[in-house]
Amino acid sequence: MSKVGIIMGSSSDLPIMQQAIAILQSFDIETEVDIVSAHRTSVIIAGAGGAAHLPGMVASMSPLPVIGVPIKSRNSIDGWDSVLSILQMPSGVPVATVALDGAENAGILAAQIIGSADKKVLDKIILYKEALKTKVYTASEELKNKKI
Amino acid sequence: MSKVGIIMGSSSDLPIMQQAIAILQSFDIETEVDIVSAHRTSVIIAGAGGAAHLPGMVASMSPLPVIGVPIKSRNSIDGWDSVLSILQMPSGVPVATVALDGAENAGILAAQIIGSADKKVLDKIILYKEALKTKVYTASEELKNKKI
Amino acid sequence: MSKVGIIMGSSSDLPIMQQAIAILQSFDIETEVDIVSAHRTSVIIAGAGGAAHLPGMVASMSPLPVIGVPIKSRNSIDGWDSVLSILQMPSGVPVATVALDGAENAGILAAQIIGSADKKVLDKIILYKEALKTKVYTASEELKNKKI
Amino acid sequence: MSKVGIIMGSSSDLPIMQQAIAILQSFDIETEVDIVSAHRTSVIIAGAGGAAHLPGMVASMSPLPVIGVPIKSRNSIDGWDSVLSILQMPSGVPVATVALDGAENAGILAAQIIGSADKKVLDKIILYKEALKTKVYTASEELKNKKI
Amino acid sequence: MSKVGIIMGSSSDLPIMQQAIAILQSFDIETEVDIVSAHRTSVIIAGAGGAAHLPGMVASMSPLPVIGVPIKSRNSIDGWDSVLSILQMPSGVPVATVALDGAENAGILAAQIIGSADKKVLDKIILYKEALKTKVYTASEELKNKKI
Amino acid sequence: MSKVGIIMGSSSDLPIMQQAIAILQSFDIETEVDIVSAHRTSVIIAGAGGAAHLPGMVASMSPLPVIGVPIKSRNSIDGWDSVLSILQMPSGVPVATVALDGAENAGILAAQIIGSADKKVLDKIILYKEALKTKVYTASEELKNKKI
Amino acid sequence: MSKVGIIMGSSSDLPIMQQAIAILQSFDIETEVDIVSAHRTSVIIAGAGGAAHLPGMVASMSPLPVIGVPIKSRNSIDGWDSVLSILQMPSGVPVATVALDGAENAGILAAQIIGSADKKVLDKIILYKEALKTKVYTASEELKNKKI
Amino acid sequence: MSKVGIIMGSSSDLPIMQQAIAILQSFDIETEVDIVSAHRTSVIIAGAGGAAHLPGMVASMSPLPVIGVPIKSRNSIDGWDSVLSILQMPSGVPVATVALDGAENAGILAAQIIGSADKKVLDKIILYKEALKTKVYTASEELKNKKI
């Protein structure tokens, strides 16, 4: 029952939202790109651009945690419309908002939510975080050895 | 093991952050207002104002889901500094950001995260959401009957 | 069948939205403050603050013209969240947005929409516009005669 | 008498404004791209960029509903100037503002205004809205069947 | 023929605009608070708030230099609407914009424009600028002697 | 003595500032692109980008009217830095600010300032304004005759 | 020779700038509130509001490090004008900008600059930083023991 | 002991940060692109984009002056996130912030800090500033002689 439901406001949001799917697959977490069906998933990721109502609307209908991905779509005012219409939800209906076009982080957050109760997933996240640190140290070493 | 760790950048953030504690208590979820100790909690809520680094710093050190509450502190530039420095985290280190001063929503989100794996908490959230709807209908009825 | 349906995101929006009701009453246009029932009204006015999804949600469900009133609610980021989440609707689902807290203008716009097909209402609007001009000229005369 | 008057601040706005004409033609509603002559139309659409005074100026002179289209012209400050100078009209002179470059939505809104009193046009809008829903379901089905 | 015409969008703008009148009177320059009549003045000052069309509208009709004063009126979005709708005029129709609520500076600018061709006024401005410098030096001396 | 002094913060601002020179030449007004020498000109135009101090600095040193042109330079934050650091001058030191990159309008404004005391220049501006109107009518006619 | 020169755009900035003086006095660093005389100080702190040119102007004339304090003065547009006109200096002329109204931090930064070459001052800063940490731990302990 | 430590949030920030290294090399000041080791440097330059925590984090751990360079990285909201999360540091933890992508200015500022106690470096900065002025005068002369 650890599937993550992934929905989006428009099929033009797919290139961004695929980053969420990819990172979740790397954690061996099943995803469901579908019209959301809350009883079969543990977490929902919803991406949308412009006046982005989808994440908030899903959050008002489901008891599950909803992660919102603001997308800088065409005709958006630099992404501000999308960020503010997902983030500034009223009391009682939270949306866990990530950075503009931050679908990869939405995937990691979904994994962390599942990992908060599932030791196997948590261990994968611990490994992922360690790999991230190693990557930083390697980049740092490369920087030091580089002739700048 | 369902405690929620609650941390804040400054004790002046307490009036806002208490809304998270209050709503979690209403769900019978234990909270821990402390220097965070990730192995004893399932979720972390971190609130901060201005150039708000606390939520992101915690997120970079813990494998648990971290919820960030931007706080409109004194000297903040209308809250924009706090919102952007919590929301716009780099790839690999998500913070689940809620609305400006949205500590109550942070509490609900933490409960939803716990509820995604704990049926008893999920049932309380379902009840909470139903009460919310009832409140809306009641307000609507009152509005109709009001002599405007 | 010229009723205007008036809905709002929260009963705390009522003080602003009453300005729409008042101006419509001055045009002898019936209003209905209710959970919207599209088949009984000609136009819908929807006001909301923060991540303001109500106007867009109604617009996506009704074939009638929907007028959106962004409201500068408590915890709003200076009204920007409300303005952008009502204005920046996707193609196919327009919301006729008026100024921040501009419920009176929403009422006038609703009357103009009804007036575009109803001569009696149009005549009242023409009178209203003329009174507006007179008011400007009177204020101008007063300014000239004032000892500044 | 159901013509829609379409005016614009500069001929460089035509590529955006043509989207309004196209969608109105698809509803079989006559348009008039002209220096506006209010007595021959039911609704006016006015598009302009920068410090965009045209929609407000027309609204102050006509009793008809005026729809404003903010246009992100060259030298605009990311469209904010155009959005704010159309949206934030004073009390008594509403402009029904749509999204930045949202001329297609302006056309749909004009059709909805006419449709609020003209059953034939209303039926076309109902069909349009249904087609929109079908398109969403089809896109959703395609998404589910796609190998992502 | 050196009168300065002063106009405003609403009588509620008078408290701000009086600062322009006061500074012009201190330069012995006649002012005319009136519906503008361009042939009797040399410069026009126009103040307005919100979607502030008055300065631009006057500029499009008069060959005289027009100074625009953005006013932070009630319901303005922090003054941004007023600033942008006065400043961002299209090519061919400049408005000499001063700071938000900067009516005193508008008066000085009008005096400088008259002074650019009228030696008596120019001399008064030179004296004013010298007094300004003296004031800065005096304030600086006071600061140094203050026990901080 | 009707020369207009034109100065700029950097030679990279020249492509924008040349629009001021061109329009002034079309009015037969001499310009002086130089380190400003106030006693030989009637008006000063100063263009600058980023934290744009040049226009304000010149305004604090000269009794002449100073026109400021905000320039959207490389590394500018979308032009906001330039606009605000030219527009928001303190009391006593006005800068007549025009639109972002609005050097042509700065030229016209300089001509209008000279024209406010020089009938020959005023007549040229009246002709220019009439040509502008003709251009609008012609564009409007073309639009009407166009098959859209 | 370790004096810090402190200058400000207006005596109304003194209440904010006194925080810089106070913190420097606590580090036993002499300050000089004066028209700046670069040869007698090691560092300059300059505070200003609105279109804030003072810090940049000083930076262009002195080879010393200049710290800029943006001040949210009356009529400022929420402090943005001040922040951007101090921060966005052109290449070659840096201003070390601190937070809006951040005069205390400007004082600490000045002390750190002096401390980077003066062991006695550095030791005081190390003590200050340790006291800051202790204060955080104490506040944290108090939070834990509080009955929330 | 006059080395400047240069750190960055990601190796993708290197192209911008190299401007700091280059200018410091032109002042014969050694740099260290490394994981920062405060005891071996006099000043630290830290560059980062998005929710940019690196400069503030370093500032909270080191008694040395920290210069922050906001970087307009990919997915940044026009650089605002980076600027605000570096600039708006809380009391006690200043970061000397320079302009967006202003790494060259960060290098000059670091040199000025070293120069405030090291006469040899100060002399180089005085020469640099003089060369800057000469460059301005040369550009000005070229402008005057140019046929525009």
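Chains: A, B, C, D, E, F, G and H, in written order; residue numbering restarts at 1 for each.
As a convention for this text, contacts are C-beta pairs under 8 Å (C-beta built on N, C-alpha and C of every residue); 3 or more make two chains touch, one makes a residue touch a chain.
Not measured: the values here are computed from a predicted model.
**Q** Weigh A-C against A-D on C-beta contact pairs and write down the one with more.
**A** Top pair by contacting C-beta pairs is A-C.
**Q** Matching A-B on over half of contact pairs, by residue number: which of A-C, E-G or C-D?
**A** The same interface as A-B is formed by C-D.
**Q** On a C-alpha centroid basis, what's the spacing between chain F and chain H, in Å?
**A** Whole-Å distance between the two chain centres: 34.
**Q** Report, in whole Å, the distance between the mean C-alpha point of chain D and the mean C-alpha point of chain G.
**A** Chain D and chain G have C-alpha centres separated by 51 Å.
**Q** Roughly how far is chain G from chain H, centre to centre by C-alpha average, rounded to an integer in Å?
**A** 17
**Q** For chain F, jot down the residues that touch at least 2 other chains.
**A** Each of 10, 50-51, 75, 77-78, 80, 83, 87-89, 99-100, 102 in chain F touches at least two other chains.
**Q** Which stretch or stretches of chain H touch chain B in the complex?
**A** My answer: residues 9-10, 49-53, 56-57, 75-77, 80-81, 84-90.
**Q** Please give the residue numbers of chain B that touch chain C in the complex, ascending.
**A** 78-80, 83, 99-102, 139-140, 142-144, 146, 148
**Q** Applying the document's contact rule, which stretches of chain B touch chain G when the two form their complex?
**A** Residue positions touching the partner: 8, 10-11, 14, 18, 21, 33-35, 50-51, 75, 77-78.
**Q** Using the touch definition up top, name the residues of chain A that touch chain B in the complex.
**A** The touching residues are 42-43, 63-65, 67, 83, 87-100, 102, 104-106, 108-109, 112-118, 122, 125-126, 128-129, 132.
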